[in-house]
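Questions regarding the structure given below will be posed in turn.
Order as written gives the chain letters A, B, C and D; numbering starts at 1 within each chain.
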Amino acid sequence: MRTGAMGICVMCLLLLAACQREKRDIRPSPTRLAIYGDAAKEDALRPGGPISPQPVVNNPYNGSAYDISEGQRLFNWYNCSGCHANGGGGIGPPLIKQHWTYGGEPANLFDTIVKGRPNGMPAWGGRIPEYQVWQIIAFIRSMNGEQPRSATASRQDSIETNPQNIVNRVRGKTK
Amino acid sequence: MSEVRTLDVSGLKQYEISNQAPLWWGQLMIVFIEGTMFAILIAAYFYTRLRMDVWPPPGDQYPHLLLPSVALIPLVLSCLGTYWAGDSAKKNDRAGMLGGLGLNLVLAGIALAMRIVEWHSLNFNWMTDIQGSYVWAFLGLHTFDYIGDLVFTAVLFVLIAIGRYGPKQRQGVYVDSVVWYFLVAIWIPIYVVIYWGPVIVGTQQ
Amino acid sequence: MKNNTRQIFSTFAGVLGVACLSLLISCAGHQQSAVDPAGPQSGRIDTLWWSFFWLLGAIFVIVMVLTLMTLGRRHRGFEQEPLEATHKPSEETDSRLRRIIAGATVTTVVILFVLIVASVGTGKANSELQNKKNPLTIQVTGNQWWWQLEYMNSDPTKILVTANEMHIPVGRPVQIRGISNDVIHSFWVPNLNGKRDLIPSHVTTQWMEADHPGVFRGQCAEFCGLQHAHMAIWVIAEPEDKFDAWMRAQLQPAAGPSTPELQRGRQVFMNNACVYCHEIQGTTAAGQNGPDLTHFGSRRGIAANTVPNTAGNLAGWILDPQSLKPGNHMATIALNSTDLQPLVEYLESLK
Amino acid sequence: MTASQDIYPQTPNLAHDVDQLERSWRHPRGIFGWFSYTTHQAIGMRYIITAFIMLLAGGVEALLMRTQLMHANNGFLSADRYNELFTTHGTTMMFLFAVPMMEGMAIYLVPLMCGTRNVAFPRLNAFGYWIFVVGVLFLYWGVFTNAAPDMGWFAYPPLSGPQFTPGKRTDYWAQMITFTEVSALCVASELIVTISKMRAPGMSLNRMPLYVWSILTQSFMVIFAMPAIVLASSYLLSDRTVATHFVNPAEGGDPLLYQHIFWFFGHPEVYIIFIPALGFVSAIVVAHARREIVGYTAMVLSQIANGFIAFGLWVHHMFATDLPQIGAAYFTASSMMIAITSGVQIFCWIATLWSGRPRLTTALHFVYGFIAIFVLGGLSGVVLASIPLDLQVHDTFFVVAHFHYVLIGGAVFPLFGAFYHWFPKMTGRMMNERLGRLNFWVLFIGFNLTFFPMHILGLKGMPRRVYTYSPEMGWDQLNFLATVGAWVIAVGGLLFIANVLWSRKKGAIAGNNPWDADSLEWAAASPPPNYNFEYLPAVTSRYPLWVPGADRTFVTGTRSDRREVLVTTLMDAEPHHRYILPGPSIWPLVAGICVSIGFVGSVFNAWYVTWGAIISGLALIAWFWPKRPLEPADE
């Protein structure tokens, strides 16, 4: 009996996971287009200041394959890759990393993108719509393995850029 | 008019260890299926090569030729074991079957070990570029079948060794050879493609 | 038995009659039709189609009549054979039938040979266009879900970039160089010529020519994702002088805003996400992800010709692009109600 | 003087223990037992019923799509739903209905027609069925959890690749393909061996019924075509899960290579579906025209030629991709050649009907319907083989019309004819003929109403796979007509179901051979017992039940205390040795589940390939582990 119930629970969870993964919010709901909130409850006077320990907003697109892929498209379209090339960094810091100066939670990333940060990160608030910011965040988090693997694209239709695969070449012996 | 004629077959054998057995034909179908698959994959390899300006893709090493070429020897010799086992299966010669299967297992095992050693010297994997994808597809598919067949050979070996066998298992020993010969035979063009391919159709020597 | 035969006959005849009639009536006078040719190539294909149609139609009718005649009794002349019991007609009957089948097969072969020759001949005649002098080369780039057009020119300053609306001069061959930015699309303007796929990592070519002025519609013909249905292109064939005038006008940078209202519209454009994707030559907007808007106001449609280009449609499109064309890549931006009107007016002023 | 009269001794010795035969072929009892059936009637019927359910599912999807296209700018379905529906419809109809249905019919009929007791590998047969069921469940699990594939049943990359269809939709699809192809390959292998080695004594190749020939051809086509789709779907799956570059244009993976490989499978696939249907037609025509077929040799040869040519014309699906002209012209010629071989068969049937004594039964109605629709579909196929015309109508509704004419006309109409023809054999009761005729006319009219207008729509420029169109295009009326037709077809389908349900209970008792047909399956009881024949038959003619005087030859001397059959030689079907078929077993199901765990898991994590292989290997070892007493004993 118990195992049966457990089984049903697991099935439901799988089902829910699938629902989130395959969700396609093609028409963003208008509330997300409203005024930018203070996602991380950050001190407005000191951008880049201490981070509130409890971010209050979560990413509505967490784990959604469609939105992660949209985020990846926008990452290129809005030329994020110009400074954070393929997440590896360049003019801007790399985005594949453990330690985030301004916090790596979705809410912190949201604030970083919307309000900008000193030393070059422009404030994108008011320029790109809120739902796209969340999509970009979903993608950035996927680069760090913080999205389900089943919702993340294995590769793009581009020249292989995965650093691990490039390293592989260097490691091997050459004739 | 309705005269009933009959055809008495009670004198016919109850089993058959030869290419008349349905099971042998079943194995032949597997050979057709996999042969077609590898043929298409080889064609796809050359099609892809024709679309590329540089081959192998920049950064990929030329494969080492020595080890895989040496590995061909135990591989081809393992067919002798298969043949011996199949022949003994027909004659119901237990020692022969054990010897044949054992020889096959040992030689094929050596070839497999050499192949795995060779893998570690490749400086690309399936994600690196398109050549990597193809080479690893060949290696993966063939090795998968190879290991599968080895496992079944080992199971047959155990069955014969513990004496739990009858004509059906002997038939198994016999028809097992069909797939084994095929796996060895198909490896030769695959070997040529993945190891000599970059040399023969590559852009630089 | 007899009743049944008549029933079958009348149904077949009815279906066939309706079919032919509707086919003949409904094919003319369309802006997107394979049987309303506007160029030498589509004209040849049209001729080929109707010859196929009549020939194959005749074959169909003959086969159907023969099939239905098997239900009748009078044709046979082997009534004497007690078939129900033996199941085997005389050898004579069988060999006669076999001869007839052989004859029919030979006829089939001959007809098919004729059709192959006609079809290869048409293909060859159609490919002659590329030998004509003074071609116009247009590079068509497929995007999800719109067309980018580049009028090629050896002088880089005279390369015209536009989208979703192609003007071509009448009587001059046009070479379409097809490429794709994302997935496979297919460029197809049926009134002018057959389709050609646009394939990533390939360059495909297609030739076409209009022999009279007109406005023709084309549509993506290879499934390319969510909005495959809304990926249309207008092709406007016009006399050489009109075309040249259009070309000259299009090569100009965008007109500057002439009123404060338009000025404000431009500002709204520059301050919003619009600039990241759209280019308006002569301004700082230089995005390359969406269609070039330099002469947006002169075009017939918006959203890859999903709706006609009117101020009302444009306002609706900007406010809520995802309801008109769900899943497309245009951002839904939060515009103040006071910003929308100037923005629409500004875009419409880009003639 | 036939060869068989020489071989067969004339000693009548009919002492045979039917009870014992009954016992050794009995199905195991209970739920557990139900999962271990291995008789071909049971497995065949399971295939048929499952595939029929898939026909209904695909039909519902089609109805939804037609309803959406009923008029311009309809909002009944959203773009993503529509795309999911046409992908699922195509996939269901091709992979989960048509091929398994034809296989199911073959599994049921071939051993009967060949005069043997079961297929050559009964457990493999059961395994193939379970794998197919998992494929069905897998795809529809995706459909019901909002993960239906939406990139088209052909899944062209890059659209189907990792970048443009995020999520697991395409992965489910690609892995579902793996399930169905494993199942199809199992069935094809066992049918080839059954037909090659287990025909009744005396049934030399030139006495084989045309239906059996068609299945032999089809099975070989499966063997040589399916490996291509194995590769195509593996390309997709490995690109999407482990980031290989097979279809990555930027790394040299050519999207066109995928198309070549896909259509190298995809075109033969069409013939895999309709060649068995041509076999149905031959069987029905012979039985209901009550005469031998005209031009048996021509029929066989053109069937085989069809099979060969089918592999040489895949490129006509790719004329729009800018191929070299010379090569393309070759494919025009080869595509038109198929019209010759198909034409020969049509002529032979017409000649047979012409000179026969046709009984206008429902089955024969469907054959007439088939000829009308299929000929039209074939002629529009000739149009599509011409490159200039193809460039205009390719990927338009003209093509939709064409392949529905060929596939529904060429495969589904004969299939319904086959249902009406063999229903008495399968159930022991006749189907209602009046309802049957009504069923035919509703289907026939509905079909033409739906699909004929699509020819015109295509010429008027309506592309395929569009979820809507604008009112200015002038496509409204014809689309409305097509939608009405689709609902008429649905009514026809319901009439068929009603007829089946009614006839199963109330139909007239059929007897062994209600049609006075010619082939061996009508010598068995209706429905056939698990062992098919009390005495294995031997044949002396191409039409064994029409031999004058009905004198038959029976095989004696096979043991009835175990599942024993006779193996005969390939060409002349001379008795060679006896062969013991395995009995019921749960291991095919267990192995099927283990394999499925590997396949399904590998969509999410590539390591499942390894785990799946290990548990499947263990299951297979258990499957083949010899049980005592070892049969047969050594002599």
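Basically, a contact is a pair of C-beta atoms (placed from the backbone, for glycine too) under 8 Å apart; a residue touches a chain by one contact, two chains touch by 3 or more.
Keep in mind the model is a prediction, meaning the values are calculated, not measured.
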* From chain B, what is the lowest number of touch steps before chain C is reached? -> 2
* Structure fact -> Note: chain D sits from chain A at a C-alpha centroid distance in Å of 47
* Asked: Where the CA atoms of chain A average out and where those of chain C average out, how many Å apart are those spots?
  -> 40
* Asked: So how far apart, in whole Å, are chain C and chain D when each is placed at the average of its C-alpha atoms?
  -> 35
* Structure fact -> Shared-interface residues of chain A (touching two or more other chains) are 24, 26, 155, 157, 160, 162
* Asked: For chain B, what residues touch not just one other chain but two or more?
  -> 127, 129
* Residues of chain C that touch two or more other chains: which are they? -> 182, 200, 226, 326-327
* Each pair of chains that touches, named by its two labels -> A-B, A-C, A-D, B-D, C-D
* Mind listing the chain C positions that touch chain A in their complex? => 182, 200, 226, 271-273, 276-277, 289, 320, 322-323, 326-327, 329, 331-334
* Partner chain C, residues of chain D touching it in the complex -> 78-80, 83, 151-152, 156, 158-159, 163-164, 249-250, 254-256, 290-292, 294-295, 298, 320-322, 325, 329, 332-333, 336-337, 339-340, 343-344, 346-348, 350-351, 353-358, 360, 368, 371-372, 375-376, 379-380, 382-383, 385-396, 441, 444-445, 448, 452-453, 455-456, 458-461, 463-470, 473-474, 478, 518, 543, 546, 548
* Asked: Considering the complex alone, what residue numbers of chain D touch chain A?
  -> 78, 80, 145-147, 158, 161-164, 166-169, 239-243, 245, 248-251, 604-605
* Enumerate the contact residues on chain C facing chain D in the complex. => 1, 4, 8, 11-12, 15, 19, 22-23, 26-27, 30, 32-35, 42, 44-45, 48-49, 52, 56, 59-60, 63-64, 66-67, 69-71, 75-76, 78, 83-84, 86-89, 93-94, 97-98, 100-101, 104-105, 108-109, 112, 115-116, 118-120, 122-124, 126-127, 144, 178, 182-184, 186, 188, 190, 193-197, 199-202, 204-206, 217, 219-229, 306, 326-327
* Along chain A, where are the residues that touch chain D in the complex? -> 15, 18-19, 21-24, 26, 65-66, 68-69, 72, 149-151, 153-160, 162
